[in-house]
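Structure incoming, see below.
Order of writing sets the chain letters: A, B, C and D. Residues in each chain are counted from 1.
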């Protein structure tokens, strides 16, 4: 088990979590955090070269392989970022050492939970993992103990638990659907077996199950109208957590949704999940695009932009077809890299400006050129401008959609444009114009941010063939 | 070979951009970056000219970039080659100009890195041979130019300009995205080769045309999508303004030509109606807007709108003739359009250089504070004058030639079978004539108020002649304007392969014609000889001068201005830009811009000055853009309430979603 | 040999227009005076004026730039070239194809362009009035002129003056409404372009009513002479334009012998005198209009031109 | 499987739905808590019966949890909270009892329709159970959104969760049932503690709104 990379990916965070819970001292713990995540990342990288055989509980295939590596990578960079960020927080006393300890431990638990959700082959296990991740983030969102933070955490908690319940019901239904075909016992919850036999399942049960799963996991994905927790959670938690939330947790939840979409795709009699996902995707996109306009808190704004992009991705998968699915997968990857990079920038911006109010920021490219231009680059990327990766995926989504159903494409384009205008309206006030607000200083670590952006840029110009190969395989299975 | 050369240059330019980030602070950066750009542009220019004149066959390059299963395709044919020439000629001059002008830049770090990137992007657009690469370069071009517009971001208008520009740009890109989506089909045949071979249904191609017109038009500045142009072009540093106005709009024209003439096959007759109507209106409105401006650079930007209109008239006519299989006429119209592309890129860049020189000498863009600069900066004044004459379509300069050809194309229109076109085209012709006359009026104003008369402000009276690099750039282009004006035959023949490749026919060979004159169709029908007219004028002018000086007197005495005997008044009594345009404003403005003049005349004995206030309304902005913005803000306001629901209410949203989905399931057949 | 002859004829044409121009002005002035029961100056008075002006020294405003001194020559050159390209007594001259009707209009346009600049150069208020009104008038007159060209070109299928004249001589033309409209429009434009009553008054020096005169207010001596000369050249040009387009009879076709040329010359002289007298009659029988009525006047011309073009299709389609 | 076991299971599940309706009907907190206890009791019974029917001893654990934790501890704890925080005993409803009932009926009908589309292959017990479970879940949700007080909503959530347990136990041979029920009990415990910690007297909302207002004034 320990030789198995999967085992390592799961064990390292657990051990690290225990260690960090026990050890005092900022420098040391921060270092351990970074090292642990780095180790996890390196192990995960090894998955590219050899995949362990699948067990009833764990498996690695084309779909989750990429996402495991992505998750561990972003986890690693975020830990680097958080080392500098949390240091600053300690200095200004927003965070006490005890909470720091708690924070680091929770961070590792979160990593563990997400990796578990990704490698899980058992849908029950996946459910447990995702809920664990949710609860951890709830605790971390509330970590500042300000009224707003608690309130955000509470909201997240309540809505999250309802989501949990719905998702569980869906999972049970899947089991019920699988049981007559596969027989009682754990096998009926093993995804690989399920997907292999899905053709014989009872379509009505599958449909019902999917509805519940869509709402249950959709709450985690932050699709409108289930999104309510997301902006508050992002704006109130520590920025590294916002980065992980937007960059990873949403992805993981969406990943779970995809797994079940595959089940339905494998069953011809079941209703096509496409229309549901398309509708929810478009609603989220357009809604979030309009919500961007009135935002005055920088982190909230980018939280809404996350909703927007989740909408785009869900839409893409809903449209289905080789191109759209490929685009969706690409978009998931690009978005998690870009959005976490943006949050790295935003975190430091909020620190140097001492506020999250957009009104109190201005002329950032003047006062803090590196940070400012980093943010500009990030927004340029997230807005889907070339030559960065998101342009590619949006290109594929829009073109492939318009040829098939022009009307939907028009709505999509409308949403994109509205969101675009809003993003840049804000960016112009933050990054350009006369410098506003106080400009303090921070020992920022720019490496993570620029590493992400560099990756996104590279992907925009050149996509490595193996990655493309995997994505195309998955795209086929996704139907 | 050519494609490879240009690609390598583009790559080097991108590297240069990266490098510029590093050394932007150093004093050498300016000369280095612009020098390098100049050299690379010249290389591309050479390659382009060689390919165009050598009549080389189209060549393709495919790189394993972009979409992996497609790759990045690049192809250079006559059309691309021609636009490479246009682009890199403009770039070369702009870079040369900037070697000197760049020293006045207060924020070089915000200009130097983006300038080469912008240039590279423009070159890549015309080379691209698949939808993805095309749009990527296209949008990258917008992005880099946006960064340049934002260079002087301390001025609030510039930030707003950047905002409008980028939004309009991405609007255009999305339109093109949709167009290519249609052409490529659901399973993504994105390469142009595939698109050429796929023959979509007429309805689809019509839709594609509209989308292409929207997409390319919004970048070129076709009404009513021009709004960003007069904001963004002046905001950028002048050499960039020159590129944006003189070259980038041409890249947009390229996009339109590529899609409509090359990719989507046979046009339907009514397409040209759409294009021509839009183009005619663009023409007239553009120049009317320009007449109302006091800001020199904005005035020039609006004239870009006008000239884009002229170009699109040519293209529209070509479409019409092509639709009815009159290839020879189509060739004439298209040649006229493309020739105007070239000419406009010459004199518009030249004029923006002049404006830049004035700006750097006086820090003043508002003409009302300028004047008398011809005394302070005579060479700039001369070059600018040539530009003004050229853009006002005065023989024997180049602007006239392309407009003359356009008129010739218009005069063929009666042979079109369609009644709609027969009636539309003369009307468009009238609009064209009107805008030509108004353009002349406008440039009398521009030159007269800026350079002639007496200085209206301290800045103007303290101005100095600009540096020699800028002057060289200006004079090179001024000369080119003259050459292209007196030897148009050469340029028309150079354009022949382009037209041939797109329409399968070309204008008659011009170089053979006696006395180097040009004959669009037949000598009996019409002909023009710029060279001869030029020589006539020179000779007769000289004759008159010498004769008078010999036979009559050549005595001259300086004295105070006569001015009907009024004592010499202050420079403020001169005609200003506003007062010069007043008659035209009263004729056209009262209708188009709802121009209202209110005079506040103090009662007798009151020493306060009387005030004349002029109120103008931009009809298009008011009719189109204000409502849209209002709608968006309204919707945002409304939806924003969803931000403040209670947890219970959010839960009820979830609940509602669940119930609805279950209902869907229940009702599912 | 033939080439030399052609050169000779072309040169003759250029000289003829140059020499006849002041005479035409003289004729018009004389006739007007007669009609007003004045004796008036003799028809050769314009020549005398020109010579006198040539001799005088130039008084140049201190604020004038080099451009101000170049412009008279430019204007003169442009107008002269334009005038010498319009067939007067003989069609199809050597260089007649070097510029068609559109180009001729454009040449006059350049002359006006520079003259307007001259008005602004010295930096006085009157110059400004002059040029701003001039360009306003031109901005309407030119499109009207172009529309007239359209009409003719669509009838003839050419913008080449000689070809036009040749075609209009032929019976193929018949009587057309459009041509009539075009003629009226052309006359209106000609009046405006030449700053005649009712658009402008060449004789006035009442500041607020003058347009053309205000523009050239600062000129004196030889410069003024050149400008006056160009003005009368322009008048001549328009008269001969109308003549060759609408009363082309007597115009000697290319390649015909001396006799034909002689006939042509006589006919041309007749047309000039006739034109001058008609102009004078018209001018004396009408009052000058306010500056801001001019746009309506010219707008009417433009509409007529457009109408002529459109009617053409109708009449053709019949 | 023979009739009687089926009927018993059927009866128990059905009565669970009935109890949910009773909850909807209540408008006094204490009464509500008692009804909830009853709800939990019925759940315990049906789980126990399932354990017996399926010969799945581990389900007895779940039953025990349901009995001890949900039927006794939680109601008591909530009782004390109500006393300690001086929450007043009236339950403010968003919609009146009548409409709530009608809605409930509609939901149950919906649940039935949706579930009965399931083909006969799936064994009837499962189908019936699921139908009832789904109705319980929906009713619980309905309760959460129609009750204004925190306690009322918590009760709603808990009955929703009971529905889940019912479904899970009904699914024959489903692994992890016990773990899941435990996990959920912990979740509920968290919520209850949360209510106590954050002094949420009337409704969840009190933590949020005024806060949100100050909260970088995003109100228009």
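Quick note on the criterion: contacts are C-beta pairs under 8 Å (C-beta built on N, C-alpha and C of every residue); 3 or more make two chains touch, one makes a residue touch a chain.
Since we're looking at a predicted model, the values are computed, not measured.
Taking the mean of each chain's C-alpha atoms, the chain closest to the overall C-alpha centroid is B. Two chain pairs are in question, A-D and B-C; the one with more C-beta pairs in contact is B-C. Chain A and chain D, compared by their mean Cα positions, are separated by 31 Å. For this pair, chain C with chain D, the centres built from the Cα atoms lie 99 Å apart. Chain centres here are Cα averages; for chain B and chain C they lie 35 Å apart. Chain geometry summary: the mean Cα position of chain B and that of chain D are 69 Å apart.
With touch defined as above, residues shared between interfaces to two or more other chains in chain A number as follows: 154-155, 158, 162, 208, 294.
In chain D, the residues touching two or more other chains are 114, 117, 141, 144, 204, 208, 212, 218, 220. Put simply, chain B touches chain C in their complex at residues 371-372, 374-375, 378, 381, 385, 389, 392-395, 400, 404, 407-408, 410-411, 414, 419, 422-423, 426-427, 429-430, 433-434, 436-438, 440-441, 443-445, 447-449, 452-454, 515, 517, 523-529, 532-533, 536-538, 540-541, 544-545, 548, 551-564, 566, 569, 571, 573-575, 579-584, 586-587.
For chain D in complex with chain A, the touching residues are 114-115, 117-119, 121-123, 126, 130, 133-134, 137, 141, 144, 157, 160-161, 163-164, 167-168, 171-176, 179-180, 183, 187, 190-191, 194, 198, 204, 207-208, 211-212, 215-218, 220.
Only residues 637, 640-641, 643-644, 646-648, 651-652, 654-655, 658-659, 662-663, 665-666 of chain B touch chain D when the two sit together in their complex. Across the interface of their complex, chain B is touched by residues 94, 107, 110-111, 113-114, 117, 138, 141-142, 144-145, 147-148, 153, 203-205, 208-209, 212, 218-220 of chain D. Contacts from chain A toward chain D in the complex involve residues 124, 128, 131, 147-148, 150-151, 154-155, 157-158, 161-162, 164-165, 168-169, 172-173, 175-177, 179-180, 184-186, 188-189, 202, 204-205, 208, 294-297, 300, 356-357.
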